[in-house]
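Structures given as structure tokens follow.
Each of the two complexes below includes chain A, the first together with chain B, the second together with chain C.
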Partner chain A sequence: MADLSQTAPTATGALGRGSDIKRQRRIRRAIWYALILAIVIWCAMVPVRDGNLSIYFAFMLGATMATGLNFVAGFTGYMPFGYVAFYGLGSYVTGIAVKLLGIPVYLAVPMGGCAGILLALAFAPTLRLSGIYFAIVSLSLAIILQRSIALMPEEITGGSLGMNIGVLTDRIQGYYAMLVVLVMALLTASWLAESRLGRSLKAIREDAEAADAMGVNVVRSRLYAWLVSAFFASLVGGVQAWFTGAFDTFTAFDVLVTAKAIIYAMAGGLGTVIGPVVGTVVLVWADELVWRAFPELNSFLLGLVIALLILFAPRGIIGTLIRRYPRLRNYFM
Partner chain B sequence: MSWTSDPILVVDGLVKRFGGNVAVNQATLEVGRGTIVGLIGINGAGKSTLMNCIAGMYRADEGRVEFDGQNLIGLTPHEIAAAGIGRTFQVPRTFERLTLIDNLMIPMLNRPESEDELIALAEAGLAEVNLHDLKMNNGEELSGGQQKLLELARVMMLEPKLILLDEPFAGVNPTLCTLITDKILQMKEAGISFLLVSHDLTSIYRLSDHIYVLNQGEVICEGGVDDIRDDPKVVEAYLGG
Partner chain C sequence: MSSILLYNALIGGLVFGAIYALIGASLNVMMGVLRVVNFAHGEFVLIGSFLAYSVFSLTGLNPLAALPVVAIAMFFGGVAAYYLLIPRLRYSDDAETSSFLLMFGVSLMLVSSITWIYGADIRPVNFSFDPVNIALLTVEDAYGKGRDGKVLVPTARLVALVINLAIIAAMTWFIYRTLPGKALRGAIMNRDAIQVVGIDIDRLSANAFGLAAALAGVTGVILTLVIPSVDPNGGAPLTLFAFIVIVLGGLGHPIGALLAGMLFGMVEQFSNVLLPQSAAQMVGFVMLVAVVMFKPEGLFGRKVMR
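Take a look at the complex of A and B:
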């Protein structure tokens, strides 16, 4: 081994210099944890004060899906157009476990999450593809999964009528389960962003070949991100089944689920931890406002808002703010 | 006959084809331990392709690449990096949306040191190339020359035994050029070996202990600076006779 003592930087004399970086990291963490706490308090109070459960559930679901998608799209640059496959599988595994096997729903949902990991492992060879090829193949696989479930015996999946587990589950419990899953996703995101794995993933996103040359195991890192991402989407699908009590292959595998996750994450800022949450808050709130004021023009106006956001802030709200005011990097994860 | 008694890198009969085009044809070269070996040739001579084959980015069709006694054929780029070969790129490939600190931490992610120690090492690395004041800036906010410096600092973080330097002086102003040259010489003093590709023949002649000339994928001659400077085959390759 070459003697690097004369040239390679050593920690001697350099230790302690990183105090400003540590301080910035503490500030970023404090802001992030304060935001999570605010979300928990606000959302937890909704059922108590008879608020609109559906809107807040939609926000939590959107923020979790956008955060989950961000693990793979924002951190590694892979855009899975078929992300809904995991969500749909989570719904069906939860439904079947509750209805046919009599398993309590709070155990069935994690089973759905594990099924999502197994499906992600089965899809793992698609990670060899890149760009639009990966996006299209993942969409195709989601469609294949949807059709496969639709063709399964009616006594298992409910056929075209779908599954109804409403009598076996409690809507309010489902609401709080969604809050728990959201908090898990947000904590995972902040851990990942500061972990060695997270740094590897961001390097891969920027330039996979250069990252490989710098010693990053690209295939393994991508696989980990893919599994974590799939796990959360499957949990969300299971909790959605818990909350609504009813679903079929059209709602469980609706491409809009993926589209919304992508739009929320992009609007807030792919690759940032806080971005998907901000994007979801802004767009769910805008959707609600527009729907109340202009019910006939809802889809048109919301589409316009999204188009303008992507046109004038292609890095999303947080990404654009950080680009314009680099000091904000010290405050946002 | 080998020019060095202690080669750290041996490339023997390397062939790389792209369809019918033979980009590297039976290339054979050696890099001595603690030496700087220059690799020159006109555009399209196959220099970068040869670098990519050594670094594992391209899989060679034929031949042997041996590094410190270890066969590199079939290894992935990250395995080759772990073996002790670092590389820079002709066009700087910094991680643009990562801070300079994070850029320098990437090659150290497999090391056992704590997070704080890695940050301290990264800061010291930035100080080595006069980029410490920009540590919280993103890679995309640097000039082209600064990006070359960042790449050099980044590859040092791998603690490599051999560095493949691809055009380190391209598009760099004379002041930064001097800084890069000084760093290369310092690292050589510390025992690091280099395979240096450059169109800047003045720098190549100044830094290299031995030079190989590549033309149409083949090594057409090799030798010390004086041998190469006056070799008619080199003149012909560069000036077309």
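Take a look at the complex of A and C:
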């Protein structure tokens, strides 16, 4: 009898499995929202209990950038090595809006985000490139944008001295703005992963032609992921300007901004929702704990981590765990 | 606009063009044979420059004395680096993008190591030839009012150009006229097919990586003659220029890179004279984007390799 019930799936069995899937989804969601809540409470308390603002800001910035990059790198397989272009544009649009147009910073940052979407639309033709061509062109476009801003009149962009909006903005407000943007990015990530768009993107990443044959609009799905990704990077750039109050063409378009976003996302696991957050927590924490002792080796260790990750754990912490213990898929988004 | 500036741009274009040609060609050997996108290529060049600086500052000899040492050391270093890094990449989903990120990590480590060893300052290489400059030609009435001007070129740059062209000639001969060179070209055209004719692809790949590293190092030595200083942070621009060159010449085609390198050198030197600084720095990248979007096989097509 026991044999029978196992080999012949009954109506109740199928139903049971269905409720299993729902239950697992509930568990995954509960874990995810608990994590977001924990991050919010923990980070919101930092200014109150006089914690180190810069570190937690770096964590929130890194987690948002990694999550934003994950929309395009993890969900579509494109590696935008010039991701910093959107970040830099966000900084400059915010800076110019605040300083020259007198717009309040909380409106200027969303303006930067919209500018990022426009730039992403302008760069959209590059999405038909594949693999390394996309990465190289993306990087080149970021450099072209940087030099274009350097070419603009000094009265607008501040020239080689950069922009300083510190007197017009409040650092603590910038810190909380970063928290808001982070939560927006995380909620968007979990929404996207469970939405029709997210499932289309995963199908495209696995096999674009098969997805196309199944009726998925490949071009449009990729474009949406690309726009969302660019939007968040531009918001982060704007909030960064809000928090630090000063930037120039070198810091706003530093290739390390892209590199860190990629590494944080990869360390946790590209293509998973929780991965970029986990990767950022681990690496920012390691940065503080270990690397502070050897400041001159900071970039050496960053490079070493990158190389070791690519060689030994290209799927990252979460990706490797899920591969080894497939049951964990039930618990992690 | 004095015509002397244009003559200088022309000569500078030749000198820098030959350098870019060599950097691009060595990067393309890696790209073509191994499908490795070496984002640390500029740092490979820097290692050559810093070794030349060491030889010069320790012995006072001409930095060119470092040439054979650098070539041999970089070749074996390259072979070792190949076995350490590259074979594992085969397991990744997208080997090219993975190699790009891996070599970016390597470039961070190299810059940091060079800074740790030599310090973060830009060091001058005060070696001078006798005579320091050579007047190539005289331009009549260059500055108006009947004053003639001379087109002066640093001897060091001319020496660099001659050596560079000799290396390029040797490399072209090697690739087209010797058996290992033909194997190299074969691997670029079809990596699977040449294993059928009995070529050990692992050994060939390791040697190709070593050869490319050695060429990069040699270029670094020559570079100390053209720009007589060494800068630990000078690698990144070189890497980017190398990428422009290989995209213009077609990814994976060493000979296409030679032509594209000369072209890029000319374009860069003339834009430096004719355009504002930031615009001049942009020209190469605009060319890169335009070529990838509209002519991804490169400016010279596939015929160049045959």
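Basically, the second predicted complex is superposed on the first by the 307 of 333 C-alpha atoms of A that agree within 3 Å, B and C clash if a C-alpha of one lies under 4 Å from a C-alpha of the other, contacts with A are read in each partner's own complex, and residues count from 1 in each chain.
We take it that a residue touches a chain if its C-beta (ideal position, glycine included) is under 8 Å from a C-beta of that chain, and two chains touch if they have at least 3 such contacts.
Note that the structure is a prediction, hence the values are computed from the model and not measured.
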item: Partner chain(s) touched by A:L304 [first = chain B, second = chain C, both, neither]; value: second
item: Touching partner for A:S200 - first (chain B), second (chain C), both, neither; value: first
item: Touching partner for A:A58 - first (chain B), second (chain C), both, neither; value: neither
item: Touching partner for A:L118 - first (chain B), second (chain C), both, neither; value: neither
item: First (chain B), second (chain C), both or neither touched by A:A210; value: first
item: Partner chain(s) touched by A:A286 [first = chain B, second = chain C, both, neither]; value: neither
item: Chain B versus chain C as contact partner of A:F81, first or second or both or neither; value: second
item: Common interface positions of chain A, toward chain B and toward chain C; value: none
item: Residue numbers on chain A that touch chain B, as the complex places them; value: 1-11, 13-18, 21-22, 24, 196, 199-200, 202-203, 205-207, 209-218, 271, 326, 329-330
item: List of chain A residues in touch with chain C within their complex; value: 77, 79, 81, 125-126, 129, 131-133, 135-137, 139-141, 143-144, 147-148, 150-151, 255, 259, 262, 266, 296-300, 302-307, 310-312, 314
item: Chain C residues within the chain A interface of the complex; value: 37, 85, 88-89, 91-94, 96-98, 100-102, 104-113, 115-116, 236, 240, 243-244, 247, 251, 276, 278-279, 281-282, 285-286, 288-289, 292-293, 296
item: Of chain B, residues touching chain A in the complex; value: 34, 55, 57, 76-78, 81-82, 84, 86-87, 89, 93-99, 101-102, 105-107, 109-110, 113, 116-117, 119-125, 127-128, 135-139, 141, 154-161, 183, 186-187, 189-193
